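In structure tokens below, several structures.
After this come two complexes, each holding subunit A, first together with subunit B and then together with subunit C.
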Partner chain A sequence: MKKKKILTPKIIGKIIVAIIIIAAFIIIPLPGVVSRYMLKVYNDGLIYFIAALGLSVMLGMGGQVTYSTAGIMGVGAYITAILSTKYGWNTGLAIIVALIAGAIFSFVVGLALFRLKGSYFSFASIGLTNLLVTIFSNWMEMTEGPDGITRIPKLDVGFMKFTDFNSYFRLLFIIAIICYLFVLRLRKTSYGRALASVRDNEITAASFGVNCYMTKVYSFVIAGVFACLAGGLYAVHAGFISPEPFKYDQSAIYLIMIMLGGVDSTFGAFLGASLLTIIPEKMRWLNEYYKLIYGVGVIILMIFMPMGLMGIIDNFKYKMIGKIKKRKQSNAIETEAN
Partner chain B sequence: MERVLLEVRDVNKAFGGVITAKNVDMKVMAGEIHGLIGPNGAGKTTLLNLISGIYEVDSGHIFFEGNEITNLPAHKRARLGLGRTFQSPRFMNRASIKDNLELGTDLRNQFTYIQSFFGKKGADFYSELEELMEIAGFTFDWNEHITSLPYGQQKLLEIVRAMLAHPTVILVDEPAAGLNKQEQERVSLLLRKAVDSGMGVVLIEHTMEMVMNICDNITVLNFGEVIAKGKPQEIATNPQVIEAYLGGENDA
Partner chain C sequence: MVLQLFITGISMGMLYALMAMGLILIVKAVGVLNFAHGQLFMLGAYITWSLTNQLKLPLWAMIIAMIVCFCIVGLSFMFTVYWPLRNSPWKVTVVISTLGASIALKEAVRLIWSFIPLLSKPLIDKVIRIGDAVMNVQYIFIIIISGALMLFVYFLFEKTFIGKIMQATAQNRYAAELIGIPSVVAIAGTYMISMCMSGVGGWLAAPLFLVSQSLGTFAQKAFAGIVVGGFGSIKGAVVGCVLVGLIESFSILITDAYKDAVVFGVLILVLIIRPTGIFGEKIEEKA
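And then the complex of A and B:
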């Protein structure tokens, strides 16, 4: 039952993944490797991945379906944009303030929303997003309404200024990896287990000392901070924000990202965010039929892959491991018999 | 003098017009397996739920190690040392065996989430787990999903998980239901191990042979009321209990 510390196929797999990640980090932003437009698409994908990671804590680990990701991402984006354009703050500092504000906002709202359970909570989160979008669209003096805020300065962290998509790619890549490792670590902690126990059975969770209500609130705070980080980065990367990308339907896309990738997997969030960012670009030739195909694809996904792509990979892995174990057992029996 | 770990005093609970606990009194001592028996619908599981804080009492008091816990939420009672298992095993079904067992050790360690995030380790529980699994009588690959285990092993593992949390009292709800003779024997050994290490056990069970063999004291419930209390031999010969429960079962 003790862990064996040897170079297992799992560890070899991890080394290969690490090499691919490092190669992508070095090669993609090199001049001439991808077009400027596709680099922007990749950058957007990384930003969506950060937001989706926060959602994976709530949905995958905690089983809480929320439609507030885009709305809270808007909070982060607007705070960053307002502080940097209207008050002349440094953009790096503005993002940090957005994160703190996002944490406080999510905590207070989470305390109220988690008085509700299950689908009631989900419906309330739709209300929250619509409420936020209404504020973004109508608080003219601060948000400039539907026209949005333009000329948001590029990210400046004092010793480094990010002016082109290449430098943003490197920055977003590093932030995304840090966020990814954070969530991966979270899964292995007592909080990760508490959240999973709340997801699977609240009575069992409480019987093992888990405060279900506060555990869910904390997951909302983590998702909120990730969303605000993604929002702040989105604002400085795009240089322009309007209420449009923070609407309810975008929240649904974040949910689909997690479902497509696999709710139980942190890497699934990356797969989902990548596919849902790149596929629309590759399907542009379908013009008006794009959304039709997209919708059908989502329905097929829910029917045939309820646990997402990583669910299929995991199932395959378990089957293979099972077969290997059986073979080893039968070999051992044969050896004994001989 | 025997130490009282858990005391239920004059507890009442009704769901609408259905009375499930009526003036219930019960004491559980350190190192004691206290049987809680009665016909189906007698209010046994309801009483466990009242003790563990899943339900709130309508009136009455519950004391744990001398302190009143009547108004504490379930998670705080668990942290004080009230462990429990369920009629049907309740695990994190999408998690590994390891994660499910660590839920028990998390309760024992009671580290803050931040301490756990930064890798604070509790006392090594491998040797303890190995000892318990030897009693439980099976081994497993703990990276496997919990659902890969057969039902009987899941029930045994649920007791092991509760014991890994080092509770003061374990509330065990029908641990032998659906198990074969051998597995029932393993359940008895695990519970005996728990009381030998100073815990108190409240055991709901319908397998009378097991109850009579391992319980030190028994409380009998019928329609939410305590109809008898005493040593197994006294209960076995109590005419009221025979009429309400034991006799009825034999007749059937």
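And then the complex of A and C:
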């Protein structure tokens, strides 16, 4: 009998990751480590990551290309902002109401949109985003139109108040980790597997008793709740919202985030979201050429690494594992021969 | 008033239909959506503006140069955005690469022509009166030219040998290659025709809407028209787009600010009532 090892490489890896996460959680918001501006950028990155996670459930697990992420994020942001400014609600409560409203909204809309399939669903989701943006920029009494809602109160959950970027960083960090673990867990559930089977082949999935239509609608609801959460947090974090960040173009950026990180990986969503928020800040010296290079970069990315960064990492890992296994095998054969 | 709204609606619908038809041709040929189509439309407007206002070509020479330019653009678009990804197992990669192309095209246009909207002269700068309707002649031109172009492309695809080659490639690329059709040529041809259609659309729209980057958003109405019209049928897309144009122009009677909301609201309503679109046929899926 072999003694069971406690410290397998897998567990050591997990411990290292946990240490890195805790270190980042403690060190980054300390005063003087990163500038106030960069901290705001990191916070935005975390918010985008939450929205992108929802999309990764739909796109990576469900295979549905949707352009509604930004629009639904706007629903969450505007509900939070309107409730807390016009009606004087507590912001924490407003976000919770926004989440519930977002879930109901995306369920109803999902029922309608998923009567279409594939590309036509994508078309319709563009329509949804445009419809929402038109409402955001024209319903003057509620949304203040293109000027946007200003002076949104900071987040207040009764026992704690979040006023500066440092405390927001900690809050967003925790929420992001919870969301991340939720999606990671979702992959292992029967629902997650049903969703993956719908992505791979709907007819086969249906013949195994999966209700494809409702499975897709639920994935839309999950994505919608994540987007609403991100939207609500965006509103209280920035203190100001306008229709601009909820437009169709921004939805396309979420898609690119997922594809950059690696479509079938939850961690890839984090890589994509953080790279796409931090790279623009570091590439200021390119100024006017930046977006052109960015667009061309996306095409090149799709040509040379269609599975994103995580795809490359996984490939590398499999190759390395394969090599190690081969070496072990050849060693074993040699010892046997001896 | 009604007549005026009717004519503007139809002509807007024709512009959307030009784009929608090109989109459907590409979808049929290679099975993917082109999300950079609005930017190609915009590029068409900019190219024709440069040809007329900077090179000062006469109209006949301008049209020839325009078509040559569009063919080159279509060809290079296909070889950069679609061709390297043709064997990709996941269609989403091609969709994302067209998204990248739309960003790149928008920025390239901004760098070349700057972001200030440019003024483009209409073919004939005149205003006509029909009854109590007063409108720019350009609207009539749009209806005539885009209608003729769409008929031409329709006959090209349905009645000629070249069209049969393209259709064969669209239906089954593998089988088409087996009987000796070079699929590169057929797909390249589809892309060139598609670019020509949206480019001409941009040229026609320019005098009415100024030449600016916001022309790119026209494609979203074309998407709406395709869904309203029905699944992947060219006829349905054209009718759907004209309908979208009419809804858009008549919605002014009710509301001004919510013009887009009405269009997309109708789109979602159509999906709920009749998810296959107006001309959609129910196609059963096969394993």
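In this text, the second predicted complex is superposed on the first by the 331 of 338 C-alpha atoms of A that agree within 3 Å, B and C clash if a C-alpha of one lies under 4 Å from a C-alpha of the other, contacts with A are read in each partner's own complex, and residues count from 1 in each chain.
Assume a residue touches a chain if its C-beta (ideal position, glycine included) is under 8 Å from a C-beta of that chain, and two chains touch if they have at least 3 such contacts.
In this text the structure is predicted, and so the values were computed from the model without any measurement.
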item: Superposed partners subunit B and subunit C on subunit A - clash or fit; value: fit
item: First (subunit B), second (subunit C), both or neither touched by A:7; value: neither
item: Greater residue coverage of subunit A in the superposed arrangement, subunit B or subunit C; value: C
item: First (subunit B), second (subunit C), both or neither touched by A:134; value: second
item: Which superposed partner A:203 touches (first subunit B, second subunit C, both, neither); value: both
item: Subunit B versus subunit C as contact partner of A:288, first or second or both or neither; value: second
item: Vertex subunit A angle, Cα centres of subunit C and subunit B, expressed to the nearest 10 degrees; value: 80
item: Which superposed partner A:124 touches (first subunit B, second subunit C, both, neither); value: second
item: Touching partner for A:30 - first (subunit B), second (subunit C), both, neither; value: neither
item: Partner chain(s) touched by A:186 [first = subunit B, second = subunit C, both, neither]; value: first
item: Lowest inter-chain C-alpha distance for subunit C and subunit B in the superposed arrangement, angstrom; value: 8
item: Where subunit A meets both subunit C and subunit B, residue numbers; value: 203-204
item: Footprint of subunit A on subunit C - complex, ascending; value: 27, 32-33, 35, 80-81, 84-85, 88, 90, 92-97, 99-108, 111, 220, 223-224, 226-227, 231, 257-261, 264-265, 267-268, 271-272, 275, 285-287
item: Subunit A partner contacts - residues on subunit B that touch it in the complex; value: 52-54, 73-76, 78-79, 83-84, 86, 90-95, 99, 102-104, 106-107, 109-111, 113, 116-117, 126, 129-130, 133, 139-140, 142, 145, 165
item: Touching residues (chain side subunit A, partner subunit B) in the complex; value: 1-2, 185-186, 189-191, 193-194, 196-197, 199-201, 203-212, 218, 264, 318
item: Contacting residues of subunit A [partner subunit C, same complex]; value: 59, 63, 65, 109, 112-113, 115-116, 119-120, 122-124, 126-128, 130-131, 134-135, 138, 202-204, 248, 252, 255-256, 259, 263, 288-289, 291-292, 294-299, 301-303, 306
